[in-house]
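Note that chain A is present in both complexes that follow, paired respectively with chain B and with chain C.
Entry: the complex of A and B
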């Protein structure tokens, strides 16, 4: 049973230099209680997918396709229906936690605001709950933390506040956009552990967006690899790391420090004029003739999906 | 004034200095205005000998009709302060709402609201106020209303530009993700971030409104049934106080206007400073 079902999502932007297709025909299935990692290099369209789920894209974005959440197409809901879903059903955690908190409001007020607006709860009862939330997030003195401003906290502390905000209303889906970006190794491990704990407790599904393959390997159940706006491979995380199918996936794993540090030849293609045929073919070592002029469709192979003619 | 501020040691320890002079003067006039009936030694309409010099019985002497000037001054503070604050509250609320909505929604709403603001900005305000004051019933409340309805334009523009900037920040987006409505975001996320520019603007509007009211009254367009400081200067001017150098008649009301405006501006600056300390800007 899937909790989020993305069908043929295409997102394009009209810009002065031309039309940029940032996300091209992406279909993803996110099963219940599962952690799905969307992995890809910077600029491949990962965050655009996250933002189009909650319709947070700027107005010049042209979005086509369908995003189903419990039989409702999120792309067709009114702004009011959507605000019922945002925060309560689907929560998102952004990168740059300090910027995602209002600098002039106390942490406590920002958490209590949620209960006031969505649950019409009294401030006193919800203050206890807010304190227990921060306690769970590992704050040593949560009552004191409620009276602090975001500028008095470190990046890692604010990240934990944001996670507390995101899980406060028990959402069914948590989208985390690069939650470990800019954090040092120790904090990163802490945050990832936190995610695993929450997921286990709340039975929600986690949609992790990252460029960090190791982080994905640590907590994800399934992985979707993106390249230049397309999902090129999806599969279980164990199978993916044991035997990647797509040549890009193979090249990517080989470029990890632990596995040889071999760079992928060439540079990432421009999103304005992507290569014809398979988008990876100019950098691919196993390319066929057909790759040059024909784009490979998603091909099912033993429960995994891969966009490559090698598996036709 | 702002350049000489020292850097606070920590964002917790220094909550911004309170300008005792500003607060003191503000409270003084506030109390005088509120308790005018009790504090003033005489009824401002009671008649004594005219043109008396300051003495123990009449600390600031009397005017041409024999009214006690100190009593007039104390009663005048009520009118002047109320007109100034009332007009500034109205102007700030209008300017704030227009600026916030224009800056947050951008696009067409912004164009329309800023178009209206530009139209109001082109209106020559003082002549219009003079005209309205001349045609309408001369009343302090009408003057306050007219000033309030005309003095919001610069507040709206400043608020709009800051609102444009704030509503592009990440926390506005993350508030949206938590399912808050646009109006809620405007008032709980955007508004608290621009309050530090609204407060000084409000204080300056108070000052402008008081000076405008004083000017109108001085020109004889004020409310003759209400003794404001401007009206007192007007009477001193038209009834020969200035020509005959009866200083106790025209200097005190002028001084009062100056002092109150000064107090208001001092308060504005210190509130701005406090806000910035909380933000950790300095």
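Entry: the complex of A and C
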């Protein structure tokens, strides 16, 4: 059963040089208690999908499609209805911790603000809970950390504060946009373990957006791979790593450290005028003639989907 | 053969905090290291161990509480105005958070044109130089009219790199330059910076917690723990 069902989501932006279609007809099913990893190249639209779910996009965004959460289309809810869902039922951990935290509020006040806005617990009880959250996130002196400002912490420490904020109200869905970015290996492993624990204890769904394939492999159940605004492959994470279907997926796995950081030839395409046909064809080493002028539809293959003519 | 170096001697950095600034936090203690043109010194360590502070002190944008930084054998605190400007142009830093290092009120084109103006590239040549740099970094020209908040993390990082590379500095201090990037772009940037170093003999101070990346890029490695150098190779 789905906890989040994205149907034909398209997000575009009008810019001075033309219309940018950042997300193009994306459909995804996020099953209950599942960790879904959305992976792909920089600027391919992963974070736009995350922000679309909670309608946190700028005003010039043109959004089409449907995003169902518990039979309600999040794109059609009023601002008041949505504010009750944000943070309490669906929480998001943003990509850039230093920008996501308020620079003029102490960490403790930022956590307590959550309880004030959502009218939960007394301030004293909340402070104890806030301290326990920071303790859980590995802060050596959580009571002291509550009185610090984000500028007094490193990027990694601020990232952990953001995760504490996200889990504070026990949301059903946690959207984590690059939660391990900027963390060293020890902290990364710690945070990933924490996510697995939170998921197991609270039966939350985790929607992990990451460029870190190793992190995705560690905690995700399923993967959706994006390229230039489109989802090009979905499937179980184990199957994806054992035998990627899309040529882009194969090239991506080659750029892992164990394969010697082999870069994918060519550059990411322009989102204003993406290549005709398959968007990956200019960089693809397995392209067919048809790829140049016809866009491949999603093709079902043994429980997985892939947008590639090699499987037609 | 003489090789220009950037050197830290017995650097310490102490921050005061609390009211009225009576408490002290020792972020760096007695750090001495040197990097020469054409080589890469990797600086590793966990979050909060002072790697970024060391990078900022080496770049001269933060003052050490004790010790000194030497550029080309001269202590930077004693440099005359012209030499100091030469130091600032030739020791550039790429920050961990690229969005924060770009002016949010300027388009990518304006930010980059400003650099070209500063280094005296004539108006008619600026567009060509800029296009070549964008091509080198694999960035599309569409990005030129956008503001930093309209770019992804990786695109911002590439613009931050372009801004520094246009100056062709002797040394680049790269503070987690690939941690914001996805793996395929990371691979591109690593190869690109490797080629750039081979062509320009730029010295890199590569600050990172990614062991594989440091292993791939660095000639020598220094490891920081609680503000102290615990290992150098």
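In the analysis below, the second predicted complex is superposed on the first by the 309 of 312 C-alpha atoms of A that agree within 3 Å, B and C clash if a C-alpha of one lies under 4 Å from a C-alpha of the other, contacts with A are read in each partner's own complex, and residues count from 1 in each chain.
Just so it is clear, a contact is a pair of C-beta atoms (placed from the backbone, for glycine too) under 8 Å apart; a residue touches a chain by one contact, two chains touch by 3 or more.
Every value quoted in this text rests on a predicted model; they were computed, and no experiment measured them.
A.B. asks: Counting touched residues of chain A, say whether chain B or chain C comes out ahead.
C.D. replies: C
A.B. asks: Applying the touch criterion given at the start, work out whether A:103 contacts chain B, chain C, both or neither, answering first, second, both or neither.
C.D. replies: first
A.B. asks: Of the two partner chains, chain B (first) and chain C (second), which one does A:42 touch, if any: first, second, both, or neither?
C.D. replies: second
A.B. asks: Who does A:274 touch here: chain B (first), chain C (second), both, or neither?
C.D. replies: Once the two structures are laid over each other on A, A:274 reaches no partner at all.
A.B. asks: Regarding the shared-chain residue A:65, is it in contact with chain B (first), chain C (second), both, or neither?
C.D. replies: It touches nothing on chain B or chain C.
A.B. asks: I'd like to know which partner A:54 touches here: chain B for first, chain C for second, both or neither.
C.D. replies: After superposing on A, A:54 lies in contact with chain B but is clear of chain C.
A.B. asks: Check whether A:17 is in contact with chain B, with chain C, with both or with neither, and answer first, second, both or neither.
C.D. replies: After superposition on chain A, A:17 lies in contact with chain C alone.
A.B. asks: Under the stated touch criterion, which partner chain does A:152 make contact with: chain B (first), chain C (second), both, or neither?
C.D. replies: Both partners, chain B and chain C.
A.B. asks: Both chain B and chain C touch chain A; at which residues?
C.D. replies: Touching chain B and chain C on chain A: residues 96, 99, 152.
A.B. asks: What residues of chain A sit close enough to touch chain B in their complex?
C.D. replies: 54, 56, 59, 80, 83-88, 91-92, 94, 96, 99-105, 113-114, 117-118, 149, 151-152, 162, 165
A.B. asks: With touch defined as at the start, can you tell me which chain A residues reach chain C in the complex?
C.D. replies: My answer: residues 13, 15-18, 39-43, 47, 95-96, 98-99, 152-157, 178, 181-187, 211-213, 251-252, 255-257, 261-264, 266-272.
A.B. asks: Residues of chain B touching chain A in their complex?
C.D. replies: It comes out as residues 11-12, 107, 169-171, 173-181, 184, 188-189, 192-193, 195, 275, 278-280.
A.B. asks: Under the stated contact criterion, what part of chain C meets chain A in this complex?
C.D. replies: 17, 45-48, 52, 96-97, 99-100, 138-140, 142, 145-146, 150-155, 176, 179-188, 190-191, 209-213, 216
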